[in-house]
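Some structures are shown below for you to check.
You will see chain A twice below: alongside chain B first, and alongside chain C after that.
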Partner chain A sequence: MELSGIASYLISFLTFAGVYAVLALGLNMQWGFTGQFNIGIAGFFAVGAYTSAILTTPSSPAYLGGFGMPFLVGLAGAVIASTLLGVIVGLITARLRTDYLAIASIGIAEMVRLFVKNEDWLTNGVRGIAGIERPFADTLLDSPLTYLVIVALFVAGVYFLVERAYASPWGRVLRAIRENEPATAAAGKSIAGFRLQAFVLGSAIMGLGGGLYAHFFGFLSPEAFMPLYGTFLVWVMLIAGGSGNNRGAILGAVLVWGVWSGTELLTGMLPSEHATQGAALRVLLIGVLLQVILVTRPEGVLPEKPPRLIARKR
Partner chain B sequence: MTDILQLLIYGLVLGSVLTMGAIGVSMIFGILRFAHFAHGDFMTLGAYLGLSFISAFGLSSWWALPAAMVGMAVIAVFIDQVLYRRIRRTQPVILLIASFGMALILRSLVQLIWGSDNQTYASGIQFPWQLDWLGGMRLKPDHLWIMLISLGLVAGVHLFLTRTRLGKAMRAMSDNMDLALVSGIPAERVIMVTWVIGGALAGAAGVFLGIDTRLHPVMGWTTLLPVFAAAILGGIGRPYGAIAGGMIIGVSMEMSTLLIPAAYKPAVAFAIMVGMLILRPQGIFKGTV
Partner chain C sequence: MIRIDNVSKAFGGLQAVRGVSFEVAQGSITGLIGPNGAGKSSLFNIVAGLFPPSSGRVLLDGHDITGLPPHKLFHRGLVRTFQIPHEFSRMTVRENLMVVPPGQSGENLFKTWLRWDKVKQQDSEVLDRVDDVLKFLEITHVADELAGNLSGGQKKLLDLGRTMMTDAKMVLLDEPGAGVNRTLLGKIREAILRLNRERGYTFCVIEHDMDLISALCEPVHVMADGELIASGSMEALRQNEEVREAYLGGGASGRMGETARQPSTDEGEPS
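Presenting the complex of A and B:
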């Protein structure tokens, strides 16, 4: 492969890793901080991606939309839509055990997928939405590298915000809920309230990830998401990187995305009649990787390091 | 009227499948305190094991049932011993993640071994009986067998839970773990039996599903949501509730096709589940919240 080929592969690799890092940071807010088990990531991701796509694409007779709005408006729409979804799911599940959230969230992801697939008027159904433009389209700045910089800026911004949240008194309550719910309730904190806030914030971040993905990939269809694998990859990223640790979430996103794309290169060498087996083999490998991490190093590569609670005496 | 009766039959058939899955989910939750997300893919794997068994020996469709039940009972215990047992000491929610990963491992294994195409146990169309005394309603022999066999299996689980020492021990552990353990109940043996029953019933559910429709690597995963809905509706951790839950969800899903597009059938199960979580999260038969 010539140098420019390697460079463009690297840029696309890092952009994907960046989008996944945003998702992993969103999940870290829910699972890493608060202990909320969301396996409907694909649902929030899809809502964000489709909202941004519908707001920004030029008008089309096939589906609703064609508002032709700018990139940032699309992203804002993505965040608002996934926030609303997060509020609905959060209100239902905030006062229940986390197993119920897990079941409800997988239901939400499934409902979103069914809706996207069957409501042609809104999403163009299985034919998908094409021609989602990158920001600065038709200008000198339009290049994959520019988009990588934009994604990197968003990752940095989200990282800064969640890191501040983690260290704040608010984040401390979340960790307290995760570690010992009855004690936190006894200290007079509203468990359901804090859970709802963390869940909605995490969902909003996931919606942002969806929007960033839509403008990078340029095409959306119900199957292009690989809904379940998307959710699953984000989970493996967070657990491998170190749940509770924001830098771990970003590192995990890069590492696991590296493993995932690396296996794609390997299975790409298989003859084409074994293509579906190759895809299954990749999922199998990632699944085994998760189990090995859970058994041998459940705290991840970068374990959580909570900030000092009390200032040390001089 | 005939339409409604016909849908009722389909609903009871689907309900039988869901019941088989939901009893397992409910028992595993009662004993091990986690929602077993690989249960749908247990069903898939069971269905395919049955397929290999009957095609290897050239047997008729229904021989898939014992093969799937025995195979899945063994595999469930194996997975528990190799994976789940090692992380049982940590929080139950880690088990939940592990089972989610196991679901994907099993599904990709099925794709690797059997491919991603639709398959069936027996080719050809089975002619239904026309029941003139019920307004010309049609009933396939297979559907009747699915309902009768699941009735038998439910009765078997009931007898096991109420009449045997191990069954009583299981109910005790599900009701009050600490009290059961201090009174000397062999926890590891009860857990193993839980997996045997849960795995065997999941295998049966998979074969029923395969006989009713077709075999596909995601057949179990798409059934998982209604199975959980059934378990929650009946009160999670309550095997008897799972029967009521399974039948209610199954019949509602089929009846809903009178009003909304069939593509949204899973949404009905989901809506009932969400309604239940809001109004009465402990389920019809008070389970563990």
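Presenting the complex of A and C:
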């Protein structure tokens, strides 16, 4: 591989890792902070991605819109749409215990995927939406590197917001809910209210991740939102990196995406008659990786630690 | 302060509380005793809003609070501790206390993003209060430990400490002495007495340790089989034949009382 090839691989690798880091930060809000077992990440991811695609692509007879709007409007739409989905799901599940949320969330993610697959008028169904442009398209700034910088800025921005939320009294209540619900209620906190807020914020962040993904990949189809890519990988990232630790979520995204795409290079070298087994082997490897982490470092590479006190003692 | 008015509770076919009425007077440390399965904790959980009664009412300062959820009762000055300590394990002792104070502006997500200075300033006031409580309970040396690493007795103290992080009027203590060694028990007793005298907290205490009850509580109510069977001072209750039979033991006559009771237990009460 020539040098520019390696550079472009690296840029693409880091951009993907950045998109996944946003998803992992969203999941960390729900699971890491609050203990909400959302295994329907793909649903929020998909809603964000499709919303941004529909808003920003040029008008097409095949699906709703597109509306040809700017990149940032697309992302804002992605956040708003996933927030709305988060509110609906959150309101329905706020009173459910965490295992019931898991069942409900996986159902909702599949509903979203099947909806996207079948509602041709809205999403062009299995044919998907192509030609989603990067920001600054047709200008001198348009390059994969520029987009990597943009994704990195969004990761940094989201990191700042969730890290502050984590250290604040708000985050303290979420962690208290995760640790002991009856005691948190006895301390005067409305469990359902805080839980809804955390779920919605996490969903909004996942939607943002979807929007960033759409403009990077340029093409969306329902295949991209199978539970394997949309949900399972994100969970492995968060657990590997360190649930409850925002830096851990980002690190986990880079590490696991490294393993995932690295194994793609390896299985690519297999003779073509073994391609199917190769793909299955990758999933198996990720599963084994998860087991190894859970046995050897159950708290992840960067375990959660209580935040530093935000107020200086007087 | 609290009036329990003819409260009953059935769980399926099990009648846990049967028409119990009594009052917890302002400024008192009222005891609630009875053998296991007498319905004490069920009654506590009803008062604390964990579940509503099947019938009857609970009044706080004359207001009907029956069925209000725990977080709303908190804001009316009613707080509780739990039989098994309910610490926030993966949070420090200090954080465990910092969760409690009501009205923290930093509990509003947008204020944590937009009004960070105010949030920080308020948190430092909370910290001052935490320091006082840690000092009062003499657990300052473990302030930065994760609460899950504390001993059972220290967790009990921490539970008590959380009730001190708000301006509580009425505190329900569910077995504050259970599983606590003698030294720590003395400390818990002192803390309860001081909170009662210095801060004017009213307490209602469930406890099996008769020494602790005698030292703290006046009056004491006795429950057995879901019913209130006697009330009065501990001395008077020790002489009460029915109470001795149901519960107290303490000496040969008490044990004989319990033995005499055995047949009726066999006839079908859940034991």
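By our rule, the second predicted complex is superposed on the first by the 304 of 314 C-alpha atoms of A that agree within 3 Å, B and C clash if a C-alpha of one lies under 4 Å from a C-alpha of the other, contacts with A are read in each partner's own complex, and residues count from 1 in each chain.
FYI, a residue touches a chain if its C-beta (ideal position, glycine included) is under 8 Å from a C-beta of that chain, and two chains touch if they have at least 3 such contacts.
If you're wondering where the values come from, they're calculated on a predicted model, not measured in any experiment.
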item: Fit-or-clash call for chain B and chain C when the two complexes are aligned on chain A; value: fit
item: Partner chain in contact with A:143 - chain B first, chain C second, else both or neither; value: neither
item: Partner chain(s) touched by A:110 [first = chain B, second = chain C, both, neither]; value: first
item: Chain B versus chain C as contact partner of A:161, first or second or both or neither; value: second
item: Cα-centre angle that chain B and chain C span when viewed from chain A, reported as a multiple of 10 degrees; value: 70
item: Partner chain in contact with A:184 - chain B first, chain C second, else both or neither; value: second
item: First (chain B), second (chain C), both or neither touched by A:291; value: first
item: Partner chain in contact with A:239 - chain B first, chain C second, else both or neither; value: first
item: First (chain B), second (chain C), both or neither touched by A:261; value: neither
item: First (chain B), second (chain C), both or neither touched by A:277; value: first
item: Minimum Cα separation, chain C to chain B, after superposition on A (Å); value: 11
item: Contact residues common to both interfaces of chain A (with chain B and with chain C); value: none
item: Of chain A, residues touching chain B in the complex; value: 35, 37, 39, 92-93, 96-100, 102-104, 106-107, 110-111, 114, 117-118, 228-229, 232, 235-236, 239, 276-277, 279-284, 286-288, 290-291, 294-295, 298
item: Complex interface listing, chain A residues touching chain C; value: 161, 164-165, 168-173, 175-176, 179-180, 182-191, 197, 201, 244, 304, 306, 309-314
item: Partner chain A, residues of chain C touching it in the complex; value: 48, 50, 69-71, 74-75, 79-80, 82, 86-92, 94-96, 98-100, 102, 104-109, 112-113, 116, 119-124, 126-128, 131, 146, 162, 165-166
item: Footprint of chain A on chain B - complex, ascending; value: 29, 34-35, 37, 83, 86-87, 90, 92-94, 96-98, 100-102, 104-105, 107-109, 111-112, 115-116, 221, 224-225, 228-229, 232, 236, 261, 263-264, 266-267, 270, 273-274, 277-278, 281, 289
